[in-house]
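All chains are identified by letter, namely A, B, C and D, in their written order; residue positions are counted from 1 within each chain.
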Amino acid sequence: MDRKTYEKLFYDALRIRMVEEKIIQLYPSDKIQSPVHLSIGQEHHVVALIYHLKKDDVIFCSYRSHAAYLAKGGDLRKMFAELYGKKTGMAKGRAGSMHLCSPEVGLFGASAIVGTVFPHALGAAYANKLKNNGLVSVVISGDGATEEGVFHECLNLASLKKLPVLFVIENNGLAIHALLEERQSYSLEALTSAYGIPYYLVDDGFNLELVWNRSEQILSSIRQLLTPAIFEIKTCRYYEHVGVGLDYDKGYRTIEEYETWRARDPLIVNKELVDEFQPQIEKEISEAVEFAELSPDPPKEELLTDVF
Amino acid sequence: MDRKTYEKLFYDALRIRMVEEKIIQLYPSDKIQSPVHLSIGQEHHVVALIYHLKKDDVIFCSYRSHAAYLAKGGDLRKMFAELYGKKTGMAKGRAGSMHLCSPEVGLFGASAIVGTVFPHALGAAYANKLKNNGLVSVVISGDGATEEGVFHECLNLASLKKLPVLFVIENNGLAIHALLEERQSYSLEALTSAYGIPYYLVDDGFNLELVWNRSEQILSSIRQLLTPAIFEIKTCRYYEHVGVGLDYDKGYRTIEEYETWRARDPLIVNKELVDEFQPQIEKEISEAVEFAELSPDPPKEELLTDVF
Amino acid sequence: MRFITYREALHQSMRSALEKNCNSFIFGLGVTDHTGIFGTTLGLEGEFGGDRVFNTPICEEAMTGFALGASLRGLYPIHIHIRNDFLPLAMNQLINCVAKYKYMYGGLFEVPMLVRAVIGRSWGQGGTHSQSLQALFAHIPGLTVVMPSNAKSVISTYDYVVNHYRSPVLSLEHRLLYEYSFTVEPKSEEIINPLTSFLVKEGSDVTVTATSLMVHEAKRAADFVKKHEAIEVEIIDLHCVSHPDVELILRSVKNTGKLIVADTGWAPFGVCAEVSRIVASADPSMLSRPVINLSMAPTTCPTAKALEKYFYPDFGDVVHAIYTLVFETSDHGKELPSEEHKASQYKEFKGPF
Amino acid sequence: MRFITYREALHQSMRSALEKNCNSFIFGLGVTDHTGIFGTTLGLEGEFGGDRVFNTPICEEAMTGFALGASLRGLYPIHIHIRNDFLPLAMNQLINCVAKYKYMYGGLFEVPMLVRAVIGRSWGQGGTHSQSLQALFAHIPGLTVVMPSNAKSVISTYDYVVNHYRSPVLSLEHRLLYEYSFTVEPKSEEIINPLTSFLVKEGSDVTVTATSLMVHEAKRAADFVKKHEAIEVEIIDLHCVSHPDVELILRSVKNTGKLIVADTGWAPFGVCAEVSRIVASADPSMLSRPVINLSMAPTTCPTAKALEKYFYPDFGDVVHAIYTLVFETSDHGKELPSEEHKASQYKEFKGPF
């Protein structure tokens, strides 16, 4: 990876980090009246992966999708406006943090119901395949989501119908407060290989270069073969499941683990780049927040539009 | 296997076969007004497996459960009465062919919704485990049922909670008229091993001795280790999916396959034993049918009892 | 004018969907087999190819989400279930995703699609192959639920939704209607929105609002009471149960003062409840007598024929309800249709499906 | 008499279930974590052990079927969902199995169990964390659905169903009630079946039948209209929406002639519809005015606070409905509660959950 690319990834990841930090800062004011599932700690792999996606490639996410929304090119002002429940939000204030979307940059939805988006990505992949448009479909979801039966149904379907879809599993080892070991008896690698779906793993999701390289390889193979693949990335959720607090004192995970990750978090370690990029990002964020603050609420008439 | 055991298995299988044949014979009269999914062709493995179950071991079945009902010791008269929709049916005429049950011999239910019974067997296994009663829980289901997401959920759960449960997959290669290859991209063996669940296969379900031996081994290991296992048995559905006709002329499967199975079907090949056992079984069946015919209908008052 | 069965209308609609809307595709368990969903998809795979007509594994939740994803990307999915009883397995996708997509995203997306599901009934189908689950879906904002009662409704509704409607539609088709023949007029060029209710027959004595098969039972009952007691029944086919024609219903009830709701499902929290709500929240003084609900008995369906016959409402029940309202007592003493007469329409029907 | 929050009542009920019924066990996502289902299962794993209180993987369908299997074998499962919006994933088990087991097998089996699920609301929860899905379950014969509106209801209902009731029960608990305090009388020794409706307050001018949180909004409204216009409101807590006390409802409506149905869910095919059905099929002439329905707006829940406040009915809406009925016009010109007054009860509540 050349320096320029690294810096782009770094910039994009830092931007997401700073957006999350802004949300943390704003949250006590209660201006954002919506549950937020922060991507903080999980920005790195998202920017590295999405780097290789075209604007028209399709993605679907879980409720933890601030990072993916921004990495794919979603409008920051519309995002803050959406969190504020304003009319200028990307979904007119109806979606909130859990359902970010942006069709113009290929983000076709997110869901607050665990596991729900897997099949959406398959349907989109099927449409892409029929239209022979060379696009891929990507679904980014947590490790817990693989426990839902629909995941099995989707692996079977993706393989059977040879769909150009990439399942990205963000393995942060947690589902709310439950550790992976108490939820899963299966190895994801063995599971997916039972369906004949190629499995890729990056053990260190903070390694921008590694994820970037691997993503390029995976995505170009999907584009070439028009078949599915799965990509598991180990990462670390810094904050509590939902909300803006740290929760290492709650007894279910250790501060040491957090510190181990932080010790090699490029966004912390590489202070120089942070210092270099911060001012510009700060400016963009303040403008976006101001935009949200100044935007009008959706009017009452909008309560009942777009139902059917 | 000694001669006596073989003859017992043979007798039990033949009895099921003859019951099915009786149903085929009665069906045009429209006295059995209920969809029937015949076990014919799939009796062998059922008697061989169930031989090793104690009366109190728990089983759950799919709608294709005439064989399991009879093998586990279900009352033949009550079964015919149930098919006839009579008050004397095992469920007072409310269950029909698709939902045979018999709690006194451990058959706790069947379901006409594909895949639905898998988790029931887990719950029962959990109860057995808590009560430490040494009983196993067995679910017998078709190959198609493994496509439902709940199957994945159940494999995960069974392995995680170390439940003494046996998943028996009757692989007849068909789900209604769809061949396995057009439905499944996965190998059942690889799939279950991904969960750390031991997998056993018998390629020839008509081989009474083989299934009997293997079942003994599997069940005693479950009893000992109190952990799950899966047992796939290849077999052949002789008749159409539902109803009493043959359907080799419909273009989706070949008569040759049927004939290959028939050529080594003990219930066809071993004419001597058939001749020996037939009279007694015939007598039992006629009596059961007569019982059903003479039994009263459920009275109108029973429409609304047992709802809550 | 020509005769056509409900089944033929369905087949014709499926063919026409593939022909007129090049983004449409049909899938579901059994759509490509030799029975072709009771004949309604036969030959289509051969004609339009396996990309547009295909069988699926047994995984209702995933296939419903698949439909959503395909719809989002410009395809028009037609997803078929041979029993509506399997829809509970797709409920999360239908309720939490399909119904909400358009609204939740501020109108940025539309997910037009058609889900066809068959209402099974009679002949010992038992508890899980006999339900009529329209209420579960019509309760959810964002889902349009239709219950075509005749060939014309099938043709006009499917043509409209496949080519002109941008929201998800769930259609419940009644198995017992498949072999019925109907007259169909030549299609008009005008595009008329059929997502509403229809006046089937005028009459000034009693209003019967009915769904699906019960429209026919109501028609038979209307003939019967007219012949025997010169009673004039007005019949409204609710058809789009999520979007009933409220004005039509109120106008009729205002005129007759007497209302029967005849539905294929359960009454509590069902179509019977909803029609009562419509009238009671508009003007209950319209009603000169209590509303009579005809519905499945409030229990799981038993398989025994001896009980099943009490479980489902039939044309005799409609006649009895009409007499009860008109003569202001359930002790009206009038003769009801004989068992033979009642059964005569279903004679041809014999399972298994 | 003592004060206890709804949350405390739930916790006490869970503890008492484990203590009194040795076959009972509690499971669900998050039941053993440090938040313990909003505090209602805290400490129970420690006290009763991991066999009787355990966390599960994310697989609602399997866990519901698991509950059925365990119940069949003599255990009493208590399955908890932190949002009722996740139940659509368990719908096949609930509708096609749990509800039907007893009937379908001729009474050979019983599957007693308790499913607790929380109704999420407000604070930008959005489309899929804000629903109130009681109608979907109450429509299905075999499912008993309760919506406890206070601590006493929780205690009496859970004690009854865990120890004395042999059918599956689904209980929907309202998140906003958790921090409310209630008075509870010392328990009587008598076993009284609480699976019915309760008269909350007598009054001769208007009847309000309400569910869950709306019982409180009705009480606040009753205080308000009494103070300002000396109107006497009768309030019925429907509580067991699948088994409402029909006589109680009819007696009240007969007396007042005016009916408001205030529910936490959607009106069409919902509780509003069902109560209208009960009255319309008994005697619509009881009603001197049209029934007023208060319910969620007929759409998906928006996250924006500016819209959310119109989405959910509140105590101001109940007051307006009462005036509309009593003064026989919605143009009554009376003063309604201020925004501050309306919000005062929920002040403490702040997400995320």
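Keep this in mind: a residue touches a chain if its C-beta (ideal position, glycine included) is under 8 Å from a C-beta of that chain, and two chains touch if they have at least 3 such contacts.
What you see is a predicted model; the values in this text were computed from it and never measured.
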Note: chains that touch chain A and chain D both are B, C
Far-end chain from chain C, centres as C-alpha averages: A
Quick check: how many Å separate the C-alpha centres of chain A and chain C? 42
Determine the centre-to-centre distance between chain B and chain C, using the mean Cα coordinates as centres, and give it in whole Å. 36
Which integer distance in Å separates the CA centroid of chain C from that of chain D? 31
Could you state the distance in Å from the CA-based centre of chain A to that of chain B? 46
In chain A, residues with contacts to at least two other chains: 89, 92-95, 99, 111, 113, 147-150, 153, 156, 160, 182-184, 307
Check each residue of chain D and list the ones that touch at least two other chains. 56-57, 59, 61-62, 85, 89, 92, 96, 103-104, 126-128, 141-142, 298-300, 302
Just say which it is for the chain contacts: an open line, a closed ring, a star, complete, or other. complete
Chain C residues touching chain B in their complex are 29-30, 33-35, 55-59, 61-62, 85-86, 89, 123-129, 297-300, 302-308, 310-311, 350-353
In the complex formed with chain D, which residues of chain B make contact? 58, 60, 89-95, 99, 101, 103, 108-109, 111, 113, 116-128, 130-131, 137, 149-150, 153-154, 156-157, 160, 305-308
Seen from chain D, its contact residues with chain B in the complex are 25, 51, 56-57, 59, 61-75, 77, 92-93, 96-97, 101-109, 141-142, 144, 167
Write out the stretch or stretches of chain A touching chain D in their complex. 30, 32-36, 85-87, 89, 92-99, 111-115, 144-145, 147-149, 175-178, 182-184, 242-243, 250-252, 297-300, 302-304, 307
Mind listing the chain C positions that touch chain D in their complex? 61, 85, 88-89, 91-92, 94-96, 99-100, 103-104, 126-128, 131, 135-136, 138-142, 242, 259, 266-274, 276-277, 279-285, 287, 290-293, 298-300, 302
